[in-house]
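We call the chains A, B and C, going by the order they appear; numbering starts again at 1 in every chain.
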Amino acid sequence: MKLESFLFEIRNNVGHITLNQPERGNPFDARFCREFKEIANECDENPEVRAVLIDSNGPYFSVGGDLKTFLGDRDGLPRFIKSATSDLHSGVSRLARGDAPVILACDALAAGGAVAIVAAADYALLSEKASVYAAFSGIGFSCDSGSSYFMPRRVGQRKAFDFYLRNQKWSAEQCLEYGLASEIIPSEQLTEKALALAEELAQGPTYTYGQIKNLFHSSQENTLEAQLEQEARALADCTRRDDTWNAVNSVAKKQKPVFNYK
Amino acid sequence: MKLESFLFEIRNNVGHITLNQPERGNPFDARFCREFKEIANECDENPEVRAVLIDSNGPYFSVGGDLKTFLGDRDGLPRFIKSATSDLHSGVSRLARGDAPVILACDALAAGGAVAIVAAADYALLSEKASVYAAFSGIGFSCDSGSSYFMPRRVGQRKAFDFYLRNQKWSAEQCLEYGLASEIIPSEQLTEKALALAEELAQGPTYTYGQIKNLFHSSQENTLEAQLEQEARALADCTRRDDTWNAVNSVAKKQKPVFNYK
Amino acid sequence: MKLESFLFEIRNNVGHITLNQPERGNPFDARFCREFKEIANECDENPEVRAVLIDSNGPYFSVGGDLKTFLGDRDGLPRFIKSATSDLHSGVSRLARGDAPVILACDALAAGGAVAIVAAADYALLSEKASVYAAFSGIGFSCDSGSSYFMPRRVGQRKAFDFYLRNQKWSAEQCLEYGLASEIIPSEQLTEKALALAEELAQGPTYTYGQIKNLFHSSQENTLEAQLEQEARALADCTRRDDTWNAVNSVAKKQKPVFNYK
């Protein structure tokens, strides 16, 4: 699939996804959603990808939904929502469930569904130029892209609910204070530091990272006992991998372990 | 139903519920629970109600359960609990699931089940005179009214558990610090500000607010994928409403949208 | 069962569990897990136990898993994980579900699975000498012992995930700031204060405490309505107990209630 909405390359085991329609503000239109799904599939299936970095080009990280595509055909609007979210939500799920940790670097305004992408990332690195804007309820929309799943898990229910109900905008500082941002990094160092974190994580025990990611996703909906059993099974699965076996033996010999995603 | 425990009126699309047995401390007795359920039903069914404001008259917001009604008939006590909670819990659920945002104004001590009502509200505005008292375990009661559902979602499990286990009392300031209160407002301005917030929200996209409320309720018990699909369906439903269609078109023309709960 | 890994005694209604292989660093080996399960069963079944205190002897609270037992037999490793967690996880569940509140006193480094024991405790009292170390992903292990259940509930998903993914070590101060520790107590007073808290709680309404514990465990995975009904049923069950009936009558007479776990 030829990409129009994104750049995508794999280097040093990092799948680097860049939102790349700067002149349009990187809108979440139908094409964007389709390409996002395909890239997420590639990141999940290609064993070269052991960490994912998401960033953007242009003056907006993303404006979110494209207001223009909503106009004109009233009957078509709910159909468009269902079609676009089929793709977009599948991509959100693939990245969330995939083994590779997801690092997001946000250097500008993220609005609407893009806020959910910030919240969903395992590490959300924001510059002082970043901000988030709810956007949805301003046009009578409820929220999508996992907003209602990830935001309460980052900032708590009171703050997340207020954000969407009263259509708020938060500065980078507020994002850090509330727990949405992992860290604030000066704009001119953002790309470099985000890439360094992605490359560091790409050398870790990737399969194990995937187990931890999925245990954390199930943590809130599982009973204690189901979660304990899932932990036991995940850990046993890890110990069957070469990476884990080699690491146990390296650390016993006081050597630094090397992980090859085997 | 003639109200004895409450005042209730609808004005400017705000359903205004006032606990109104000041001389008795607004206890949660059988009549209170029945009336609460009926008022909650009315707020949910009457399309004139697009926001709910809960406040109280008298020196206590509420003392919670009425100790006197517990005495005398030992066999009757568990039956009373089951009967009263049938009404009370149904009311809690109706307000939580209903489209109208719930604003609570608390200017005095809230004890026992009343703390859950504070926690359940979408916006809990407290004056410096407000405080909350667990009360339950002091008489060997576990907690009800949604205490164990809402409190951990507001203040985290450690703090909420300690509150109920060691039967604590928290000042308004502690409620704000821990995340139970949305805001502290000087006592003499509390009614005015709470009403202003309720009236502001009553002009918002009410149906959409209901979708957001319900997405937030399901957020913690749903898997990621179930929540994503629920988001897609809720958003598609919003786009079928006149309010949302009109708002999209207004905002595209740089006009302020008007919402009529249609 | 003769204990090798622990000391265990019951005094003043406190079940006092001490990790007691100081020279080995109190490792979570097969014997440890089996004994832990048996002690947890005893605490849950013996009505003399109305609070549980967990502490440790030696320079480590616990080093967690025993690296040496992982070496040598690759095929045996996943089997060992499954066998050991059968015991360990059953013990975690019994203590979490049992009526007796669990107080933990940590005066040294807790690593790996021991961090989950700290997080699982209802009250985690740490001295300034305490610290926690993730340990798992350093050898390609995902986490166990309820780590992924309890840690996000204490410190939020962002911090908990980072802890396990990047194999972090947190000081006692960080544990307090993030919400893992309930309190920091000077090392020389730790035992005394932890015992005082355990003895205080051991005189409370033990059955009611168990109901509150279990309501909090189900809080996140239940729908609102299921949780409300569980609250109603738990409260009705409490009111059938002598302790609760006597307490209601004592408090009505302005007398201090006495609870006998009846």
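Methods note: a residue touches a chain if its C-beta (ideal position, glycine included) is under 8 Å from a C-beta of that chain, and two chains touch if they have at least 3 such contacts.
Everything quoted here is computed from the prediction, not taken from an experiment.
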item	value
Degree value of the rotation bringing chain A onto chain C, based on Cα positions, nearest 5	120
Fraction-based call for chain C against chain B, same above half, different below	different
Centroid spacing, where centroids are CA-atom means, of chain B and chain C in whole angstrom	33
Two or more partner chains touched - positions in chain B	153, 218, 220-221
Chain B partner contacts - residues on chain A that touch it in the complex	67-68, 70-71, 74, 77-78, 81-82, 85-86, 89, 92-93, 96-97, 136-149, 152-153, 156-158, 160-162, 164-166, 217-218, 220-221
Chain B - residues contacting chain A, complex	101, 122-123, 153-154, 179, 182, 201, 204-205, 207-209, 211-213, 215-216, 218-225, 227-229, 231-241, 243-249, 251-252, 257, 259
